[in-house]
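I'd like to ask you about the structure that follows.
Labels run A, B and C following the written order; every chain starts at residue 1.
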């Protein structure tokens, strides 16, 4: 009896294991029958903020080949410098602060006096960031953030795991230059219970002492071994870095040398929250702005782009699909009713997405969004430097491009009906929606 | 006893499962000991034609990272608009018709009167297609075909699953804008028994009604729910779309606006059946034409190219290999004797390939073809926008590039023999073959 | 009892199998807790030399997506022409010789008399190679080497399996044009016990006879069936190939036609051993030279680059990481103490690497090297045509780019200490190290 039961339990374990394995590893990893509005699965707490990480093993993120994180930095909080193994695109969802990105080899163009003096400093570019800023970061480039406002600074970032810019496996791997992560890389199997230290702590202190020409005690200090503040620390006293005036007065030209003209001075930030730069703008409905490699050339290299949308109650974004990219949609304000349809014609999502939630829209999947709160605002990150949207309805839609004969024969409707399908909607992207908040139809035909 | 047998059957099942699993998933997925001339594994029947799909899990296709399909459209048949998640290259193997590709955002440049009138229409470019036309389609772009001839219109298409243009998994996923597929995506595990509907049928009819500004009844009609005509339907009455005169008289310049000058007016079609444009031409043997990104710039973006060959009885294509691409060879007419050799020096194919059959030739594998019917005609799709062929024998071959000393020392032959090996064959690609139809040698040394 | 034991043995076998399987196949294939200095795992012996192959399944090589081999060619040894399915970058570690690369379709620009005469020859470019030469080879291009010196000619090569240039699976697959490999492709599962023949031996001799217009006996000779000399053979008598004078006197311009101006005459070789071209040079410490796509444009296409380093006893290469590439480091002379740190801040390597050993440094991993012999010389191959190094300490380091406030807050040190950390080391890459040979700290915190 015990043999039978042990055999059965073994078989069961094995089958569960294999099922989990095949479910995760079989090539049909984009065969999505259901999407979900995702919330963070891990929270890393720090002295002056927290990092919230989405589970990149979730089927819809795995299919899209990206991972996602949210950084909440409290006032006077400093997100210590780190770099990742992937191209990264970030969006400032709330607050304001300073951002520094260090590209080793580039000159320290920010200095507080012409001649290096006692107490003075010189360092690489520091930028003001504020809500709406979209920040491109190449792999391996160190970056830090500082909240100098009075409210939390919230930054969301997408990491493109599937791109050739990432030469490691399909896992996000932050490398900490300072600070640490006492909870460990909880999103990686086998790393959950190991604290993650900064990379200096992996070297022998004597090696660091020689490399930095400092004493061993200071070298040990660089390893943050006794430090349990995490990776977002509270700054004591004023944060005296050299910084330019606030944007608007920002000088377009910075002091430059030959090297800077290339990668060192490449612009890596743009703001998507100014309706006066919107690509689609309707006063009563909202606006949509895109950021692609034509606006920000470094995106061509990173193969990423972004879209910012802001619509009012009951405005609808006409049904559309991404032709050449996966997209991840993060809600910054309000909520919307969203329907998503997969390649099989099944509705794989039909529900609310609310502030702080994430949903991935794979290539080709069609989506329609309708604001159900006073304001619905979101940012979409796309895995192509020049992502193309195709709309199903409207003045620039696929229906408008089809001959009437194709429409009437395809749907078995009269030429008059075909004409309505083709020409009735004059808008391109945004239209007014007067319908109920939800249609209550079951998600899948067989459900 | 029953325990033992159940244990054994479980073990056996498990081992078979694991064997199937490892055979398919182990990294040596290009370790091919045998190729086969492949025929379609699935047939999707429609009202006015059928779609024949090759099993993309076949080892040689999986190694090549592509899938393949053949569309047979009967006279007055309309292949309804659909798009796929990959770059696609198609070849018109038989017949003639019309093709429309809709790139949302581009203007409707085809209209039947300067001013939009009742009964008139305007839509995007419509092209005549005929045998030999090679058509490049980017991912996510909707496309339809119409057969306006008297014989079946046959189109074969390759889908590049392995390219970064496909951002989903390595499965071909057509998205139907109209029509449906009652048999389901039979080539995808888990989708065999689910009918595939058009993408509009995934949205609530009320959402469609609002998006298209039509009534709900018409919106329901757009979902083709009660429709079992499949994706190729028979057009009732005349097919009155705006179309240019037949090619030859085709105007080189079309009406354009700024946007069209870029992607909207990019040429996507070229004909490979005109011997006067052949790259290799020998009156008594045949001709070979190639289409790469120098001829059709959009191919650089799609990373695909094509080769069309037509040879007469007993002509031989000298042994060669693809340096930087996988190739899939589809026979449009006649038959040939083909030998293929893998990296281990084994003959992995030695047999006939006939009209309608497909064979994949992975990168580096050497192949020799000899026509065994009056005419042998084929098309090869290659996974590189500028695929390079290296020949083993002939005036531009690798042997001609090697010093005589290397040849005589390598093969232990006399300088005189080395000279013959190097210089005897003066042709570059095609030569006359007088041998028997088959040599009857076993395929593999150990077989 | 026997049932139980058979069940247990089955379970055990299965678990071992699954463990091996999951250990190799799980997506965390870059989760490296330990690196090793690797030596060749397979030796293929030939008549006049041997090929030493590193196991490309080793976790650190699999993570880096490359394989590695060393060719030892004895005096008068000829490495017969072969090609591979990947981009390849080679480095001449010892000796001198001749190299020929055949690009089919290019002209035979080397001929020993203006008119083709009896006894004369013409063939493609032949180049002298010597220690320090770095040679780029595209996939599918045939290449041969000949040792015309008095000591062994040693060449090491990296094969980029993960690049899109390789369109097969992630295995190195040499294709032999002549010669053979009686031991078989021992690095491939399932190929260990099958001799690997040249690709001509896969065709029927009658086919070869027709293709080369030679008799069947000579065709059989081309198959090297009775040949057990391997792929490096001893040349009998003088090796009379047409060759230019030794470099230094090398003419910059060769006879050219239109085709040659493009790929046929693309330079594919550069020497990294001339300190007068070094990128970093300190007389008492050593030098570092890099070769990227700015120096050798073909590397942009191959997505590879190289770095050559030569340092003296106790010189230290400051700690650094590769921002956008994996690197494999091969030691050509001497030995060094090396420490490597992973993303988790763990020291994953702490030991000696010596002449003939290899170590992979994945993207983002930090490394510090200190010479522990009179001379330490190495070559690094990187999987990016323009690999960027970021240093931790020194005048162009990440620390110099950070504001003092970030350093003092990050490491909880005083402004004075932060100033030392940032400014004390004035060198950029190389510094003097006076420390002991080893620090004897355990590699991992928990070890």
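Assume a residue touches a chain if its C-beta (ideal position, glycine included) is under 8 Å from a C-beta of that chain, and two chains touch if they have at least 3 such contacts.
Worth saying up front: this structure is predicted, and the values here are computed from it rather than measured.
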{"item": "Category of the chain touch graph - line, ring, star, complete, other", "value": "complete"}
{"item": "Chain copies touching (chain B, chain C) - same or different residues, decided at half shared", "value": "different"}
{"item": "Euclidean distance of C-alpha centroids - chain B vs chain C, Å", "value": "36"}
{"item": "Overlap residues in chain A, where contacts from two or more other chains coincide", "value": "3, 7, 14, 25, 164"}
{"item": "Residue ranges of chain C in contact with chain B within the complex", "value": "3, 7, 10, 14, 17, 21, 25, 78, 80-81, 83-85, 100, 102-106, 108, 121, 123-124, 126, 138-142, 144, 164-171, 173-180, 184-185, 188-191, 194, 196-204, 206-208, 210-214, 218, 221-222, 224, 227, 233, 235-236, 239-242"}
{"item": "Residue ranges of chain C touching chain A (in the complex, touch as defined)", "value": "3-4, 7, 11, 14, 18, 22, 25-31, 63-65, 162, 164, 316, 318-319, 321-326, 339, 341-348, 350, 362-364, 366, 368, 370, 383-384, 388-394, 396-407, 409-413, 417, 420-421, 424-425, 431, 433-436, 439, 441, 445-446"}
